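Take a look at the structures below.
You will see two complexes here that share chain A, one where it goes with chain B and one where it goes with chain C.
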Partner chain A sequence: MRERFALNWLRIPSGMRRALLLVLVGWGLLLISDRISEFRVYQGASVATYFVAIVSIVLLTGYSGQVSLGHGALLAIGGYSAALVMQNLHWPFWIAFFAAVFVAALVGALLGVAAARLSGPYLAGTTLAFAVGLPSLANQFSFLGGEQGLPFDIGVAPSRFGENFSPYKWLFWISALFALFAVWLAANLLRGRYGRIWRAVRSDETAAALSGVNVARSKVLAFTVSAGFAGLAGALLCATVSLVTPGGFPLSLSFAILTGAVIGGVRSLVGAVIGAFTLVILPMVADAIAQGASDAVSTNLPAVLTGVLLIATIVISPGGIAESLSHLGRKIALRRQKRI
Partner chain B sequence: MSSRMRRLTGSVAALTVIGLALSALPAQATKVHSEAGVSTDEIKIGVTIPMSGIAAPGYNKIAPAAQAYLDYVNAHGGVFGRRVMLKVEDDRYSPTLAVSKTNKLILQDKVFAIAGALGTANHLAVLNSVRLGARGIPDLFVNTGYSGFDNPVKYPTTFTYLPSYVMEAKIIGTYLANNYPGKKIGLIYQDDDFGRNAQTGFKTAGTTFVVSKGYASGSQSSPGLAAQVGAMQAAGAEVVVMFGVSSATAVALITAGKMGFKPLKWIIGSVGGDPTTLKALGVPAAILAGSTGASFLPSPTDSTDPYVSFFKGINENYNKGRDTTWDNNALVGMNMAMILVQALRAAGKKPTRNAVVAALIAKGKTFVQAGLVPLGYSKTSHAGYTGYWFGTYDTNGDLKPDGGKYTTFVTDSGSGGVTTSNYKRPALPANGLPTNK
Partner chain C sequence: MQQFVNTLINGASLGSIYSLMALAMILVWRSTRVVNFAQAGQAVLSTYVGLEIHRITHSYPLTLIIAIIFGALFGALVDLLLVRPLMHRVGDGPIAAVAPVIVTLGLLSAIQGFVGLIWGGEYRSFPAALSQNGFKVGLTRIPFSPFDLFILFTTLLVMLAFAYIFQRSGLGLAMRAAAFEPEVARLAGVRVARVRTIGWAFAGGAGALAGALITPTTLLAPNSLDLLLVFGFTAAVLGGLESLVGGVVGGFLLGIGLALVVTYLGSSFTFITAFVVLIAVLLLRPRGLIGQRSVRNA
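Moving on to the complex of A and B:
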């Protein structure tokens, strides 16, 4: 009984409990954000941002079985949409976030139609090309602000939060709130009908089609939803620097997100949390190692570390850290049962 | 009670306990310490600058040179007993990175002030996002000539270092009108606020270009500047003004050489005009020779200048950078460090952020420094240097003043005229160590 209880909390269970859990997590985050240094709070905002980006990969790759090497481009679309909406329509920033989701999802749907016809390396190649090509568009149209980009300023906290409420905490609260909202949405989606359909298609397209699933439609839908999450992550990413520039979405970003997803576990939302922390911690580790080394070493070390970690994960634990942990949990539970 | 409900209550209870435990921890005080970055024996200053990437050549020598002069001062008692240390962060000339690195400098390294931040777009992004002014963090000697940074109301703690691009363009415009009347003039500029700021200055000076072409920052490496240089050639430009970073200037000159395009005169903006950097980037001295350049510091090869020979000696003995070749970038860095030391001294034995800002406003103009034009710091203006002299690159690629002596021109970033200046800079203090208070 107790084992099943523990297991049920490892896999996020259904309905009310999920919402309640998230409210409690949010409360915990709020308390934590008051008790750690401002730098950690700032990093916390980055964790939340990467988390949303990785959830987007979990939906697409982990559940629907499609690969995207170019998620950075969808993040860019989200970032630019949010900035443009705020700059030209002067809407409040939180509406800009929803605009980012909407526009990115729209582009994702178009991309998804193409993606549904492609598979494996062809899909990877197409999305990669998308990520390489898209940011340079910013230099073609002057309303996108060229290399210098566009401002995307979420401002400072309203004065009722008090004078000492730092802009970093404000950023963290917003990022965490959107991340919680995103994970609630994703958890409901994955545990529901579409999660089942996507998993069926991922395991065997023919079998899924024979049981009445519209395979192409399910794939396009997965791409659309995933792109929406990516758009939100893009807007959050831009909010951390109050700016959207083509240089903010390098190819290395797309790879980093994918790496984060694989390391954490591409089929798990808990894995996405682990992946997000990894992506924020890695550059710090690289900095510490490269202390005093030449610029060439310190510039390239984060990428090298990411690569090594990715390879190590695939060799040692292809399901990612989250899956290894749940295996471990199951083993311990089994052993206990046997003893009883 | 169903098992489901039991599980629910169990988990809620567990989380409540965790939450209560967290509530019991003391909340961190968010009080701003005015002396962040100052300890009993050290003052920590943050710098964001391209140490790698496309714009790095040349500029990556500035911070190590500045630290070399500071090490010299530190070896001679520092600033009232405290050593001054630079914490340098590589922003790769990316606005996004400049913002995150500045946040890191302030939050993690807890620097006292930011100094020598380089790049217009980068620093605009930083000011917009990190709000240095509102937080009272000194933003000293910004190493860009964007005139918008000199705005004491909007950016109360920001002080610029270079003469503004508006000033430079106005002075170049006047120079063109005096020396090349009736000639077809072309302009290549960086397509952002750096280049737009220069265009404002040229407009004020009344300069008309037969052709002007922008390049996107970074595009000098790929696809290159063939389109821009080709446009100059096609329009028959006789005098071409190149107003970009060093890496872009080098590419433009090399591309022109390959195309066989040889205008009557290249005029190279000061930002991209350091000959050592251009030569290191593959520009043959033969192409550079005869071109016109501008500077506000003495020529680094001028051995008769007391500041130059002093700083050159420091460079030999103290510079721990990767490339310690003596050039204008090293001079720029050391001179900035000398002004920084005086700003910190003027803030007193217990320096505060406010005191540094106040000291620069009150006394910045009088600081000893190598520049041949005056600094503009005052209550109403936070502008650094205010003018230029013109020179010609010789066959070695060294910039030599026209007519054998420095004729300096000064102006403002507004609509004021361009005049020759008779400014006399203060003499080099004994051993190059400032003694101001």
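Moving on to the complex of A and C:
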């Protein structure tokens, strides 16, 4: 069926096709950002941020089969590195984003070396400990700004974008651009050699090793790449609030990211999009339910919903929404074939 | 010298609480092969229930006993309603290996959210059994209080009870058999599923006691036991995650070690030390400091 799809896009090479598709999506997003309210634009930036974070889980858990309960800590490392680079070196913000990716990937590589030797529950517990403890470190080093944290301001749009180009729209454009870049990178990576290697290791370590795959190295690499994505997400997250604080990376953030990945489908980039939207919509749903209720209800309902959704997904459809949809699509296609 | 001895005693008192948490995690891990990260949530919930009981009755013994019973019942319910059906369903699904861990995490999030929803997020104080002011030795007041003594005494009592149950009673034998080789135990007439649920109940009770004993010092909030979870897990790993004795030893070692670190290096190094210990043990001696020869790669 894919063969017939417009003569394979007029025979454009697949890598190029993906890039073209993303440019089109980006164009669409820019057009949309002009048509919707400021608040929705801001939420769009959140979706892009969560998306990058979830992609990092998809790479790690979905493809390499390793669990991390502590990705919030890697986001924190990304956020702090970006803020430090901006504050001390006064480089432009986009270099700060790459610094975030680099530092987080470096820490990820170190963690990955340990992680490659740990299995399931041990790795989960270690990463959980990492996430519980790391933010508190910020209080102990004065150059990290303590509880108040550090400012991280990506500024306003250059004047050539026009007078009424709002800061939110600027934030959204940047987040969307980085998110598209991230998905392009991830899609190429997963379709390529390393995606294959990761899948091989995930389904059977011994068989992969016998086929000449260096299992340990592939796991460390997966952790490193995943941490890089997490670092980028952390910098984006801090850009949305113009601030990096230890309180900005609670354990619930790590849980939320994992929930988004599981709900969407931990093995698919489409699932990551679904998951990112879910994470932004969930608090709105909670607000709607908790209307008129006390503060305690409205602040804690999202956590309850997150937990319940996470459990429900695992019990009802462990592959997440994306996999359920593709099952459904296959069923419909089969039925059609039968009719012909 | 005086300071060193004080540190040791204090560390032992903290360590005994870590041991309880480690015991809870080991009991569940042995019987179900799940590391129960919701243990912190379950303990927080039972501690809040205890707080309510204390508000009504003003009786400490009643508070402690009801909190423990509630913790045990809730643990059993978690197994019956969540873990048991899940194990049947997920068996060989696409993310079978990580599903149980993720479910306990979802439960942790749900419980902490629920607790915050009912009782709010602010820190609350929780009653202690005895005075938390240190004993007087001569004219100086040492940092070891009657309540610390109560903690040590209670946890040792619980550990002795566990030891008796596991080594001397039919139920303990069934639990050990079910953990060691479920299939063979079933053939020998052990009702493995029921024995597992009892294991979850014991774990819930132990976790509840740990929560109620540490909360007078840490104060109570929906996520106030996260650190206890991490230390309990570290203690369990120190002991190899398989053996109950290992967990107890691991808890005391961790408690005393961390107390020494706080006294001689400063409290800011507590967490780093625990994390380094955790990583070091996992990399160098994955079977734990006193673990058995064989180690499962589950």
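The rule we apply is simple: the second predicted complex is superposed on the first by the 326 of 340 C-alpha atoms of A that agree within 3 Å, B and C clash if a C-alpha of one lies under 4 Å from a C-alpha of the other, contacts with A are read in each partner's own complex, and residues count from 1 in each chain.
Everything that follows uses one rule, which is that a contact is a pair of C-beta atoms (placed from the backbone, for glycine too) under 8 Å apart; a residue touches a chain by one contact, two chains touch by 3 or more.
Nothing here was measured: the structure is a model prediction, and the numbers come from that model.
Participant: Between chain B (first) and chain C (second), which does A:Glu323 come into contact with in this model arrangement: first, second, both, or neither?
Facilitator: Only chain C is touched by A:Glu323; chain B is not.
Participant: For A:Thr259, using the defined touch cut-off, is the partner it touches chain B, chain C, both, or neither? Pick first, second, both or neither.
Facilitator: Once the two structures are laid over each other on A, A:Thr259 reaches chain C alone.
Participant: With both complexes overlaid on chain A, does A:Gly120 touch chain B (first), chain C (second), both or neither?
Facilitator: Second partner only.
Participant: Is A:Pro302 contacted by the first partner chain B, the second partner chain C, both or neither?
Facilitator: Touch status of A:Pro302: second partner only.
Participant: Just checking: does A:Ile57 make contact with chain B only, chain C only, both, or neither of them? Give me first, second, both or neither.
Facilitator: neither
Participant: Considering only the contact definition stated at the top, list the common interface residues of chain A for chain B and chain C.
Facilitator: In chain A, positions 139, 295-296, 299 sit in both the chain B and chain C interfaces.
Participant: Would you tell me which residues of chain C are touching chain A in their complex?
Facilitator: Contacts found on chain C: 29, 34-35, 37, 82, 85-86, 89-90, 93-99, 101-103, 105-121, 222-223, 226-227, 229-230, 233-234, 237, 241, 268, 271-272, 274-275, 278-279, 282-283, 286, 297-298.
Participant: Which chain A residues qualify as touching chain C in the complex?
Facilitator: 61, 65, 67, 69, 114, 117-122, 124-126, 128-130, 132-133, 136-137, 139-140, 250-252, 255, 258-259, 262, 266-267, 295-297, 299-311, 314-315, 318-319, 323
Participant: Inside the complex, what are the residues of chain B that reach chain A?
Facilitator: So the residues of chain B touching chain A come out as 3, 7-8, 10-12, 15-16, 18-19, 22-23, 25-28, 30-31, 51-53, 60, 90, 92, 94-96, 99-100, 103-104, 107-108, 121, 124-125, 128-129, 131, 191-193, 216-219, 322.
Participant: Can you list the chain A residues touching chain B in their complex?
Facilitator: Contact set of chain A toward chain B: 1, 5, 8-9, 16-17, 20-21, 24-25, 27-28, 31-32, 34-39, 42, 139, 146-149, 151, 153, 156, 164-168, 240-243, 245, 247-248, 294-296, 298-299.
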